Every structure is written in C-alpha cells, then in structure tokens.
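Heads up, the next two complexes both have subunit A, just with different partners, subunit B and then subunit C.
On to the complex of A and B.
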C-alpha cells in the first residue's frame, strides 16, 4: 500500500491518503486527479485500466484501488 | 453523432478508445454528477470514428469537444474526418502541465484551431491552525435565494465569456443555490455580486466571484470572499481557474493567498469562432 500512497501523494502532495477511507467524499481526489491517477497506475504497473473501470467506486481508498489493480494481476505492495 | 444515453455507454466508448493505447490522450474529465447532468438534459453526444471516442456537449450556440484517443497520431487522423468541425462553432479545453501539453497544442494548431484563451489554476492551501476565523459577518452578504437564480445566471452571462469559462446551465445554478453554494452581495435592494463555489470534503472549487462594475468601490468583493473562506472551516485546499487575460483578477486572488499551480487550461476554438 505504501507504493500506492506514494503515487497518490505525487498527484496531491498536500493530503495524507493513509488517513481517509473515501478520497472522493473527502475532496482529496477530483475527476481530473482520477484520470491522472489512472495514467500513473498504467505507467507504473505496465497495465491499461479499462475506461469502464474508471468509476468512483474503484478510487475511494487504498483498498479499492488495490482491488482494482488485482484484476490486472498487480499486487500493490 | 448519437445522443449519449448512459454513463455506462460513455464508459464503454472510452474503453474502446483506450484499448491497446500506447500514448492515451484525453481532455474528458467530467465528474459522474456532471456527466449524469449532461446526459439527463440531452446535452451530450458521442461520435466514435477512426479509433477515437469524441464527445460533443451542447452549450449556448456552440459545442464543447472532448476526445479519448489511443495516441496523438490517431487523434490527428480522426479529427480530419469529423464533419461538424466544418459547420459549427466549437471549443475544446486542453488541461495539464504546460510542458505536457506541447504536443497536443501543436496538433490542434496544425489542424487549424486557434488559442481562444488560457486559464491558470490557482490554489490556496490552509492548515487547520490557519483556517479563517469566522469574524463578524457582513450583513450585505447572504446565501442566495432560489428566486434569485435567473438574476444570478444573467449576471454570470454578462460578466464572463461562456466559451472559455464554462458558465453553468440554469439547472446547475438552481442546484447550487439549493445546496447553499452561492453567496450573494446585495446593495440598495438589488443583486450586486456573487461568489459561486463547489465544496467537497477538504477541497473547494471557487467557480465565480464577481461584483457589478459600478459597485466595485463598496468592498463587496472582499466581503464575499471573507465570508466564503470563513464558512469553509474544514476545507484545506481552495482551487480556482482564472483567465490569463484577466490580470486584475489574478492580483485580487493573490491578495487572498491564492498562488498559481502548474496546471493550465488552453481553450481552443475552431475557425467558426473568431480569435
């Protein structure tokens, strides 16, 4: 999860993503950040996240993002 | 070009454009709420061609163009086949860090588009300890009443360029007023100014802040901004977009501790809209 938290921190350095259970409701990520995050995850893990997967439920917290990555065979450390 | 009928359908069109993408590029970042609003009001249309998902959103006599493409070369090829570009006024926004946008800017310029305006993103970050104290509210500044919505929209349309500054539709202003996200300044019994915002958790986007030109010596703008900042004690990050062509506004935002971030929005227009 630390690697994921680091990626998120690179997008929004002012927030501590380990303390929130809902990044969207807490206003820590907006729709523009979500696209930036998808691009960063694609690049970091060499995957291509499907457009239909780019929905809020997959980006609510570290666990939901890790679950999404798992679908692509990535175990987020 | 087909009307977009559901978020799922839009997601599937985006997926097809992303499949096998080597250098995926897009300017399509709507929140699910905005997307649903556009779909529900019949404003969004989809046109998939040559490997690109184009989305067109109807505005007041012109269109906003969005694209999702596997790479810039695919986008460039597909753009030449989009018939509406030769017939209708269209704008598009390229949002990102200046250096990362260079290739897309060159692509659209080569395709005959021109830069219509540029907006900078500014941010104001606060710590819990530094959050604005409530202070004494200025009685001229109040939450907008729903009955004022037509006057608010009229003031927005008179004060901003709807091609560059994404002026909300009537239903969006109504929703914002109902949610208490518009403060108004009243003077001599009339609407003198407003501050329109969207707060979500720790972040707040200041969408519009204005005072009628003839009343700008009455300190209503400051009263609106101070009230807004004081009424958002949980917010840690305030954001806004400001037109580069409005240096006076930039100075005012800096006065309230907003500073430029690296993000830029290049607003392009096709040849149906004059520079």
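On to the complex of A and C.
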C-alpha cells in the first residue's frame, strides 16, 4: 500500500493517506483529485481505468483503490 | 431514435473564434485553490488557453461576422439559401429569435425560414438533422446551420468546475443537396429526467434574475457561483458520457453496417482531454482517430466544438480529401447524438477571428 499512499501524497501532499478510512468524507480528495489520481494510476501502472469506474466508491480508502487496481491486474499496489 | 437521409451533404464549414485569448494561468488567480493543484488539473484536463468574447458581444455578432466573410469572398451567395437554423443556448434576447436578428442585420431575403433551436453540446448533430429534414422540401435547396454560444458571459470566473473549460465561438455549416445514393445515418437520445445536470438556474420565467440570484454563493470545493451562472455537475456529466455515448455510437455503426475500423475520424464534442481519452479507451478506438485538442486551444464552446475540432484538425485536408466521419455530441438536456457521413472535399473549411475576420 506504500506505493499507493505515495501516489496519493503526490496529489495532496498535505495529508497522510494511511490514517483515513474515507478520503472523501474526510475532505482529503475531491472530484478533481479523483481524476488526477486516475490519470496518475493509469500512467504509473500502464493501464486505463474505465471511465465508468471513476466513481467515489472506488476511491474511499487504500483498500478500495487496491481492489480496483486488482481488476486491471495490478496486485502489488 | 434513428434517422437516415439520402441526397444531402455538408458543403462548407467556417468557424468564428473571438480574438481575445485567456490563459488558464490567468484563470487560476480567481480560484481559492493551491497553485500546485490547479497545475495538476491543467495537465490532466488539458486546460491551457480559451477564447472568450469581450463583454457585450453576442451570438448574432459572431454569426454576422462569419456570414459577411462568406458573402464577401463569394463562398456563399446571400440569396442562395432558403433556411437559416441557429442552435444556441445564449440568444441575444428571449424574443425575437436571434436567427431573425441575423436575417435583419444582413438584410437577407424574406423568403427564408429562420429557426432558433435551444440545444447545447449535442447541437451540431441536432442542427444537421434539422437541416437534412428541411432539404427534403422541394423549396429548400440549401440550408445555413449556425451553431453559436457565448456562455462565458454566464459562467462564474470563480468556479473552477466550469470557467477554465468554457469557450465562446460560432460555426457556419452549409448543407445542401448531394448525391441521392449516398446515405447519412444519425441517432439521438434524450433524458429530460436529468435536465438539472447542466443548467443556468435563473434568468428564465421559472426563476427570474434578481439581485439575490446574482449573489455569489459558496457551492463547495472553494467554488463561488450565482444562480445566474452556468452550473455543471461534472461527475454526473462524466459518468453520463462514459455510460451512454459508446453504445449509441456502436448501434449507429451497426445500423449503418459500417465497421468501426473503417471510420476515419470520430469527431466528438470537446469537454476536456481526460473525458475524451476515457471515451476513446472505452470505445477501443485509437486516440489518433479522436482528436481531443480543442479545450487546450480554444475552450469548450458547447455545440460549436465539433465544427472547431473538424476545422482545426482537418481543415486543409478536407478541402482536398474525403473522410468517413462519425460526429458525436453530448450534453445539456441530457442529449446525446451521433451522425455518420462522408465529409469532403469541401470548398471551404476554415477558422477566422472575431472581430476582423482574420484567418486563424
């Protein structure tokens, strides 16, 4: 999960993403951050997360993001 | 709803862009938002520059500039067309129709059907459908379709959901009779239950403009907007496009019996680069076949972006060559539309600046 936390930190350096279970409710990510995150994940892992997957439930915490990445064959997030 | 037309063609395209260019870096000064995050947004969405009218400029100003340019150069005869369709969400007035204002300002013939249509990002295809329907009349030989909007005038500079992407523009598309054996296919869907996804809440009869509707409100994420301003639920629009547009295009191609690979270009409405990249990936179409560079150069001018993406990327080639293209527009309504046709060679396919008419 460290790699994922680092990617998140590159988008919002002011937060520690290992301490929250709901980034959206805690005000750590907004809809534009989600888009920036998807772009960063696509680039880092050489995938293209489908547009229909860009919904809040996939970006609530490190586990939900890791589960999304797993669908694209990215296991070591 | 599916449509098919025989014996019609596009025979010219002119885009009119405001001379005033504003950069995203200037926009950023209005946002209560760290610069580093704005720069990330710029990179992902493709925001860079957009073309905006000076305050006071209206849709009819852009349209008259474009039509006069065509008349002066002999590219269109002032008496040669029998219908003038204007697709806009920013009319000069509630009444009269802005198409009539354009007719009057240019002193066009009275034997002319002037028609305003209120449509947005799907409005190029909707306008073409209307034009092809009119061409089925014996008395209509040529139609001028104008798509134009100046929505920057209704957008809050302190709303980073919409202001960085908005652009103003007009496009004049000449539509006339063509070979009877050439078929054009189109498909349109609408969902009025989602009409509030893209909206200007105040200014009509339901909510007239008042000092209260002009007051800026904090609408979250540090955005300030009034009820007089354009409101866009960005996440809902994004999801709508990804879910609805690919199947519409697939079914249009199936209806026409055309393989996806044989389409030369998918010329889509231009909301932002990220949305178009995701759309291309979902449709399994190479990015090179879906130009997505309009927002960064000119901004999103709603129904005008398809003509702009066409002229900007293919303008010179379209005067010499023919391409099989699929236009796709999606937005306010909600409305989503697509049209498959052979486009070119065109006598003209260019872009000019307002005011002045200099070529871009």
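In this section, the second predicted complex is superposed on the first by the 75 of 77 C-alpha atoms of A that agree within 3 Å, B and C clash if a C-alpha of one lies under 4 Å from a C-alpha of the other, contacts with A are read in each partner's own complex, and residues count from 1 in each chain.
By our rule, contacts are C-beta pairs under 8 Å (C-beta built on N, C-alpha and C of every residue); 3 or more make two chains touch, one makes a residue touch a chain.
Because the structure is predicted, anything quoted here is derived from the model rather than measured.
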After superposition on the shared chain, which partner residues are touched by A:52: those of subunit B (first), subunit C (second), both, or neither? both
Mind working out whether A:39 is in touch with subunit B, subunit C, both or neither, as first, second, both or neither? both
Answer with first, second, both or neither: which of subunit B and subunit C does A:11 touch in the superposed model? second
According to the stated criteria, A:26 is in contact with first (subunit B), second (subunit C), both, or neither; which is it? first
In the superposed arrangement, what residues of subunit A touch both subunit B and subunit C? 30-32, 35, 39, 48, 50-52, 54-56
So, in the complex, the side of subunit A touching subunit C is made of residues 11-13, 30-33, 35-36, 38-39, 48, 50-52, 54-56
Subunit B residues touching subunit A in their complex are 8, 11-21, 24, 26, 29-32, 34, 68, 95, 125, 199-205, 235-237
Touch list for subunit C against partner subunit A, complex: 36-37, 40-41, 43-45, 160, 221, 234-235, 238-239, 241-243, 274-275, 277-279, 281-282
For the subunit A and subunit B complex, residues of the former touching the latter: 14-15, 24-28, 30-32, 34-35, 39, 42, 48-52, 54-56
